[in-house]
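Labels run A, B, C and D following the written order; every chain starts at residue 1.
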Amino acid sequence: MSEKFTSVHYHSYLQLDKILDAQHPRSAQVEESVAHDEMLFIIMHQVYELWFKQIIHELESISLMFEDNLMDEVEILKAVTRLERIIEIQKLLIDQINVMETLTAMDFLDFRQYLFPASGFQSLQFRVVENLLGLKQEQRLTYNNLPYDVVFSETQKEVLERSIENKSLLTHVIEWLDRTPFLEFSKFSFLEAYKKAVERMIQKDKDAINASEILSEETKKQRLTMMGDTSTYFNAVFDPAQFEEMRNRGEVKFSYKAMLAALFIFLYRDEPILQQPYRLLSRLMDIEEMLTNWRNRHSQMVLRMIGRKTGTGGSSGHQYLKSTAQHHQIFTDLYQVATLLIPRSELPALPEELKQYLGFYFSSHEHVKE
Amino acid sequence: MSEKFTSVHYHSYLQLDKILDAQHPRSAQVEESVAHDEMLFIIMHQVYELWFKQIIHELESISLMFEDNLMDEVEILKAVTRLERIIEIQKLLIDQINVMETLTAMDFLDFRQYLFPASGFQSLQFRVVENLLGLKQEQRLTYNNLPYDVVFSETQKEVLERSIENKSLLTHVIEWLDRTPFLEFSKFSFLEAYKKAVERMIQKDKDAINASEILSEETKKQRLTMMGDTSTYFNAVFDPAQFEEMRNRGEVKFSYKAMLAALFIFLYRDEPILQQPYRLLSRLMDIEEMLTNWRNRHSQMVLRMIGRKTGTGGSSGHQYLKSTAQHHQIFTDLYQVATLLIPRSELPALPEELKQYLGFYFSSHEHVKE
Amino acid sequence: MSEKFTSVHYHSYLQLDKILDAQHPRSAQVEESVAHDEMLFIIMHQVYELWFKQIIHELESISLMFEDNLMDEVEILKAVTRLERIIEIQKLLIDQINVMETLTAMDFLDFRQYLFPASGFQSLQFRVVENLLGLKQEQRLTYNNLPYDVVFSETQKEVLERSIENKSLLTHVIEWLDRTPFLEFSKFSFLEAYKKAVERMIQKDKDAINASEILSEETKKQRLTMMGDTSTYFNAVFDPAQFEEMRNRGEVKFSYKAMLAALFIFLYRDEPILQQPYRLLSRLMDIEEMLTNWRNRHSQMVLRMIGRKTGTGGSSGHQYLKSTAQHHQIFTDLYQVATLLIPRSELPALPEELKQYLGFYFSSHEHVKE
Amino acid sequence: MSEKFTSVHYHSYLQLDKILDAQHPRSAQVEESVAHDEMLFIIMHQVYELWFKQIIHELESISLMFEDNLMDEVEILKAVTRLERIIEIQKLLIDQINVMETLTAMDFLDFRQYLFPASGFQSLQFRVVENLLGLKQEQRLTYNNLPYDVVFSETQKEVLERSIENKSLLTHVIEWLDRTPFLEFSKFSFLEAYKKAVERMIQKDKDAINASEILSEETKKQRLTMMGDTSTYFNAVFDPAQFEEMRNRGEVKFSYKAMLAALFIFLYRDEPILQQPYRLLSRLMDIEEMLTNWRNRHSQMVLRMIGRKTGTGGSSGHQYLKSTAQHHQIFTDLYQVATLLIPRSELPALPEELKQYLGFYFSSHEHVKE
């Protein structure tokens, strides 16, 4: 008789004995009367940690797919699905701030002193999430001029170490883009075709400015100068050497090839074999945005809760969180690609043979029949 | 040296050792390979239970306020604030279904068999929440023709019992409305004044129908008959005997006096002393609505996940949940009051003396000075 | 000189002269003092109508794709994208009810009389949306025992007629499923393979029930009887005659073939060529759910606003809206498919040749090379 | 026969002839084939403008209440209700970005050229909203080094002028706080009492740091230094001269008295007569936050849509919007107050007489009876 038919109760399955017996307000231990709102404070953070665990579970599984070189066309869909789950969780994390905000400053201050020096800064799992995504150690803001891991125990530091040693999602994605086969396709030079389209587009924009009836001559000049900036940016793409310099200066993280591959995927996203890769890249941008939204909202909430006071962990609270929204960004290179996009109507047609390669076997077979 | 200055770490404060070690997928125990998505299933439900604990924490504290007769004008604000917190949590519970829906039917079916016969139906805390709010035992839908508590252990049943024995929020609110002093104010007969306003309003509506140029005579007659129904309903308010009959038939739960008090509060909500009581009643309606939304969304999700299959607990799943949305309602009497409202411009003016009683001491003092 | 370089101003481009001069509160015309909140009432409904126009724009474009037989593998993605846009708009429509709810009953009643007999029931565009999606005329609830189009002018009725005459999205989808080529693939009998998998699964479930240590014998018997129901439902799929009877009774709208095709797509959704068709079907379910959510929320709001009073249009308001949530459903057949799903691990493997047909040309080519 | 009984149809009431005939895609005029997605672009912006009109309607009505000196205790509730409506609308404005994001960069680029030089920067109503709230002209970021109103016609500039000439909401609120009577109450010196409470609290925090077992001596010193900063900040409150300097440097906009009044309201928010004033101030903070959220989300969307390209209006797009999130802030002074809050348990008790003044007439009367 297999073990799997053993009955299980909701209560034991979810280990609610543990889960629901893990709320012990500090204010109850040190004072006669417990601060009513400390319960919310505890449960809210426990929920955050549960979701972080789930996010880590998903990120690690995606990394495994990349590592085992499983990332074929079917697996990509699975990775996309898991990234979409992370995004849905992130939405909850953000909306949860609305619950947090029902805790008023004065009620929080009532038990805040007992929490010292505990702080959200000490969430190990949150650091692991950042590392798994690909936040570079050198990007990290210091914390009262100390490294961010100063608050962790030795065992916790080991967990952190492992999350850094393994390849991050960012690294996996770059390597996967590097391997994209379609750029090197026979006679078609993607870069050449794209270059011409860009030139056409820029010329049109310039014509539009010059033809304007309401802009003054001065404004026109100004606008044309700005156009220059944009085209300068396009030029960087066409020149590998210039790109390499940007990379050396730390302005981009992608390799030249990875960047071209991402651009190719963004431009030809409708071709069957590129549909899921495009979604994958888009979801990474969503995750970045959600993380930034969360940091911004969190920072606002802290401002409202403790104003300019220092956080329980001793951090500068509001200011620190606001800075991470700006500096702890990971997939910035994908946003560069947005600058490089051109109108759909200007998109160079793909050679028939390449189009077939990017399509379904079935469709190609149908063609043959006809 | 007071204990309160002992340092505390985020990790131990939140008892993360317990919280993050309470996820043990059954599929991992009975098969070689764990079903990846079972983790989500577990964590999602644990988060639900954590929020239920918080809701119970708030509901119990509000009941205490009522019990200790603390419900003076300052305490009401506190109760309102806690109800608003519950509402914010309910929004999360609903939005969490979006995360749930990233678990597809086929992936769920992969580990569903191991959960048998565990079921959300076995959530003790959810039943306690329903009881604390005021769901009557006789309202409860049966579950495969068995009482809803058949799935609980003896200890759990005791917890349930306690949640029934104490006065529910509904009962507290009715008793609190019963005590409202303002209806009996000296010469002012609220009921008389309201009666006249209603008659005026109904006459206006009838005139509007009769004067219509586009309605056929037949439609006019039909509409006037329907008007009759509404005025019939208003009449029930004016006749305590008729109201008592409705109550005996189980159509209303409020006492006659409580219903009048609620109506008085709804109509004169702008008077200072009634502002928070009005918010209190409104928040109860919000909580009911959120609960109904959650049941509807939950029911839809189950339909999508397992179709017409029976739930793991053996319930008819989708259908059961949909029925509770209709039958497990608690504050229905407050919605009756909506039918009784009249346009603001038709509102009978309060006698100056009563107005002063409903106002601030400061304002009255100011008046005196002038 | 091409016309396209003419300058355009934001204000004229959006025709704000029209848009922002279309709010004329009735209360201002008939009384000295305008009801402040009527402005909200007007703008809220205008926003609804603007979004309805956008939804119609998307639905019509999708129908055109189907009509021109453009629905190849690339076009499906485009249709999915537009359905997803509709869903995002639907979310706004639902959340907009929160704005609506800032209008209190008493303030609404203040100008409600002037609106008579205007009513949301008279929204032509909303009826067109229902028709374009595929709501059958015979499904429609009557309105005071009169046909729903009694409120429209002749010109408006013509618009309605056109929205019925053309094939609805539902019809297009059924025909498209009917054309799916993969069910008839050479030696592989999808139905046979699926049948065996179902039998295996049902047997497992029965074993689980029989092996249970906590269920009483009586409960076991009851559960096994219910299981019978489910297998009965599965049997209907296997027997075209039985299915045809259900269809004649109006219980299903899909053809037998369309239903099998939908099931095939749901089960093998991971195969490259089925990924977008699966998304298409899923998005239709989302649209249905959103519409139902909106109807439920709208119905709740009306209950709160006017209670059991009749609507300005003379409808029974709350009750009518609640009934449409139940009866105005369109894509119900897709939910039937959910009942037919089986665990991913029980999914019958596809023959290698078919798998190739469902895959990418590139992958097949790679195979050849090796 | 009064005009008010004239029938009205939904369609004419909402002036749908105008509203639904105001979408004329430019791409349709200049090319053979219209860009499908331009419709969304137009409607989306029209919806924004309709909501802006509603927000202006509410803001102007609130200003009138202040102007007519109507802002007694009953009116404040009305103002709060209208601010809450604005907040609900702002939530929609933010969520609407999700609809906007279904328009992909490449599809947008397809008709973007025809819009030149129209730009969201030319929304007159949005500028009016900023002005009505209280954004100072000198705070405004320039736009390509030109004043922000350069894009408006003479008539539009007049509208702008009027929105500046009248007192802004910020000014009204400051003046209203200046008039608060309770600070000057007989023998009770609010400032003295508050001062002592702050000193007690800071001492406690210092003790906690010194008693810590895990902080190194160096860290302790660092933390104590930071504490110094906070107390420095508190000191500024106690010294009117120092505050005046901050005001002259433009660091604060409130008067000294207004700031004290706001602090008093925040601290004693539970006293009946302060409950609505507290909500009023809180809602202003919500509005500010929502506006900032919207600017942040908008900026992210633009980054994703056009990358570093310049906007159609010639602005630096993403960067400009991001900067306004930081610099176009209005109610910053209220956030300063958060820094000044103290734990509820440290709150100095009010003298009985003052407490009575802040309470209800009814309660005081009750007291007397006993």
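Assume a contact is a pair of C-beta atoms (placed from the backbone, for glycine too) under 8 Å apart; a residue touches a chain by one contact, two chains touch by 3 or more.
Here's who's who by UniProt: A, B, C, D = Tryptophan 2,3-dioxygenase.
Remember, predicted model here, so these are calculated numbers, not experimental data.
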Which chains are shared contacts of chain C and chain D? A, B
Higher number of C-beta pairs in contact (A-B or B-C) found for A-B
For chain A, which other chain has the most distant CA centre? B
Distance between the centres, which are taken as Cα means, of chain C and chain B, whole angstrom: 29
Centroid spacing, where centroids are CA-atom means, of chain B and chain D in whole angstrom: 32
Rounded Å distance, chain A centre to chain B centre (Cα mean): 38
I need the residues of chain C touching at least two other chains; which ones are they? 4-5, 7, 113, 116-117, 208, 212, 214-215
Complex contacts: residues of chain D adjacent to chain A: 105-107, 109-110, 112-113, 116-117, 144, 204-205, 208-209, 212, 214-215, 219, 222-223, 226-227, 229-230, 233, 266-267, 285, 289, 292-293, 296-297, 300, 303-310, 314, 335-347
Across the complex, what residues on chain B touch chain A? 2-5, 7-11, 13-16, 18-24, 26, 29-31, 36, 39-40, 42-43, 45-47, 49-51, 53-54, 57, 61, 81, 84-85, 88-89, 91-92, 95-96, 98-99, 102, 113-125, 151, 156
Residue numbers of chain D touching chain B in their complex, please. 1, 4-7, 72-74, 77-78, 207-208, 211-215, 270-273, 275-276, 356-365
